[in-house]
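The structure under discussion is supplied below as structure tokens; questions concerning it will follow.
For reference, chains read A, B and C in written order, and residue numbers begin at 1 within each chain.
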């Protein structure tokens, strides 16, 4: 019974945080791209457009939900739900932090801890293509169909190098369980964190994985399925309202998933890059205090009158969080272990997400034949070679 | 990890023919890519060498019979016999096809590689001691054959043939696999010997064992084109290129019979009272359908297809007899059948010419006057197909019916003999056309008999005669190895 | 009804209904999706028996790989007209009779030696990690077939390349 309650609580928490992150990831993306392009981005709704995601949700929910006459109704309706469902499913096996003991309850930070976690993620992500392919087909529109076809070909092609890139850290960790994979990356080697990307020699594998991840999530420069200037909007051209929002959410949820997987497999999961004797406990607190300090500084030299109020408020909130980290480091070690793990996990994932957005603002789209050639003639052999070398390395060591 | 995990040298030695063939097959594909637009006949000779080496390895492996790779394969006299047979079929096929391919401007290393891989599959079928190995062997052999059937892609008949063969063949293999799954569920093993042990206890429900045996029989009967699973054969043999028809009617069939004998004589030995009646009916039906349908045919490839169905029926008679004599008869019959059938198809290959314009029986009109050498060859082969004494075909039939009578299958033997009499009619019609008709348009511009084709014709004909006069050449070995290694 | 029993029948029904749909539906995309459902049911049965590795592989390879390619080809090729054609028109009654007879024969034979549709299914899940077990069996006892499958795949690849290659004309 206790198990069920804990699981329910954890699921509720994760769902809440995930969905909020989804909504705000969009805000972050718009802001980052705006700043890259020397604009300000969303600014009107709430301070610095912070309530923009809320407004978007309201807009999408109240829009008319069109179902065109010419579509295949069952699959047309099913497709976005399938996409969202599958996208949200894979997050359930990701471990966010170490095993912790809070209020006398021992639990792992993460929803499900299964033996074949990584295989499940691969399985679910391989199913993800159905949402898009079905949407493209069921819309009965030539642009949609082209988008669906492209996504089917692209995702099947890039799944191979992705799986092969994943295989290399699995060989290193000798496990399919994500928690165990993270545990093997604990500690450091002469100051270098014991992560797969460093001491495991998986720097190449990491980049292969990230490239494949861009293709799997249909992000620029591999967003051929929705290429606006060729296919209008690709597979979701006939969708509106919440069904459209479904695909949107699926895309961002997939981004979060692949970034989490990259963090877990290559970047040591929740392990801190700084050895604990070098003060990893207070690092998070320092970062927060620094951020708060910067906010206070900007509040004193505010460019816009509104900032005089908002910046100090945010500064106070953030220094409050910093204080919690400080408390974790010195007063309540159990809490410290938990929130430090979450901090590092979140920081790594967020940096990867930022890279996703950064690249979207930087690179143009591939041409379709280039995309496929790249997958089969570069990614696939390279990933295979990477796996082979890793296997030799492990065999020699063992 | 078990201590005896690494295979020993002896095990590799027993598996050497397949290893050699795979290496040569891959090599041929690489050479194909390297030779560019040059003449590819040399790749045929490389393949021939590979097959010869594999044959030597197969013969050598027989000196040290036994199991290999966790009982996955078994090397005994029976396996060696069929290995050598399918390797020989591969060599003859290459000899028959080199010139044909050059004329069709389709000579390429892919063709030879596919032949080699197909032979790998058949060789595996011959020595497999595991249902999984049997399945993989059958699939390797079949998939290569499907592609070979449609090798000339610009030829519509080739396409039709390949598609039909592929669809029906995959369907049949699915039955086989389903039977394998049942057997594994019932006995907990896929090893032929272990299945035999479990079944001999009699604890497994016989009805279900019967179903699984029947399912596997469906798959195997398709591969040997036994009735009622023979319908594909005429269309496929007619549509494919003549050299490929020669190959498909010999190699895969012989290997499938090897599997059939091994599976039913070893694993399903204890339920023989269940399958023997089924085999009885099937062999009779195969003979009758093959022979009577062949009577109607005007197209020589189609006629040979039906005749090959009928021959499968004779072999089934020997299988039905379920005895050591029967096994020896199966082996001898298939050897002589492969020789005479490939020989006959070699003549058809020569006659048909580029684009296969001349494949009617009537196209052979007056051949005796124009090309006595080929006529003589075809005469001998056809007499052997009929079963006239002093040919291999005669001794094959003799042994088959002797085995049937020994096993008290009197009626089957009598009906089989009557069938051979029917068969004589359509075979002899070819002879009549060759000797007693005036030459027609088809025999005006006869091409010369290319060297490789001549070798194939001579080897098959002399082999047929040799088997007819000195059957002891292989009968001794066949009788010795008719008790399967279990 | 225990959980095992319920899920066993649920997954079996999924597999069987999917199979029927694959054969009976007219629209090729629907057929492919029905086949996918069937494969999903089988994957569920694997999971029920603790074969989680097979479960994942079934989904990754069959549903996420092969079926997507099927779907890809079906969507690419316009099959609208084909779906309106009458397939196997004259043979349908004969095929139906034969199929029903075969089913009846198999069921009657099965009912002699086993209980059809047992009221409760007890599954004994495999002990130990399924992945490790599969790996051990595959790379020791079944090493030879495992390696030989690569020849099979090689032949299939060569064949498909040849079939799809450029026409000589």
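What we mean here is this: contacts are C-beta pairs under 8 Å (C-beta built on N, C-alpha and C of every residue); 3 or more make two chains touch, one makes a residue touch a chain.
In this text, all values refer to a predicted model and were calculated from it rather than measured experimentally.
**Q** Using mean Cα positions, find the chain sitting nearest the overall protein centre.
**A** Going by the distance between chain centres and the overall C-alpha centre, it is C.
**Q** Work out the mean Cα position per chain and let me know which chain is farthest from chain A.
**A** Between chain A and the rest, the longest centre separation is with B.
**Q** Taking each chain's centre as the mean of its CA atoms, how far is chain B from chain C in angstrom?
**A** A distance of 31 Å separates the two centres.
**Q** Could you put a whole-Å number on the gap between the CA centroids of chain A and chain B?
**A** The answer is 58 Å.
**Q** Inside the complex, what are the residues of chain C that reach chain A?
**A** 29, 33, 36, 52-53, 55-57, 59-60, 63-65, 68-69, 71-72, 75-76, 129-131
**Q** In their shared complex, at which residues does chain C touch chain B?
**A** It is residues 106, 109-110, 112-114, 136, 140-145, 148-149, 151-152, 154-156, 158-159, 162-163, 165, 167-169 of chain C that touch chain B.
**Q** Hey, which residues of chain B end up touching chain C in the complex?
**A** For chain B paired with chain C, touching residues are 1-2, 5, 7, 15, 22, 26, 29, 69-70, 72-73, 105-106, 110, 113-114, 117-118, 120, 124, 130, 132-133, 136, 139-140, 143-144, 146-147, 150-151, 153-154, 205-208, 210-211.
**Q** Can you name the residues of chain A that touch chain C in the complex?
**A** Within the complex, chain A contacts chain C at residues 75, 114-116, 119-120, 122-127, 129-130, 133-134, 136-137, 145, 148-149, 152-153, 155-156, 159, 163, 176.
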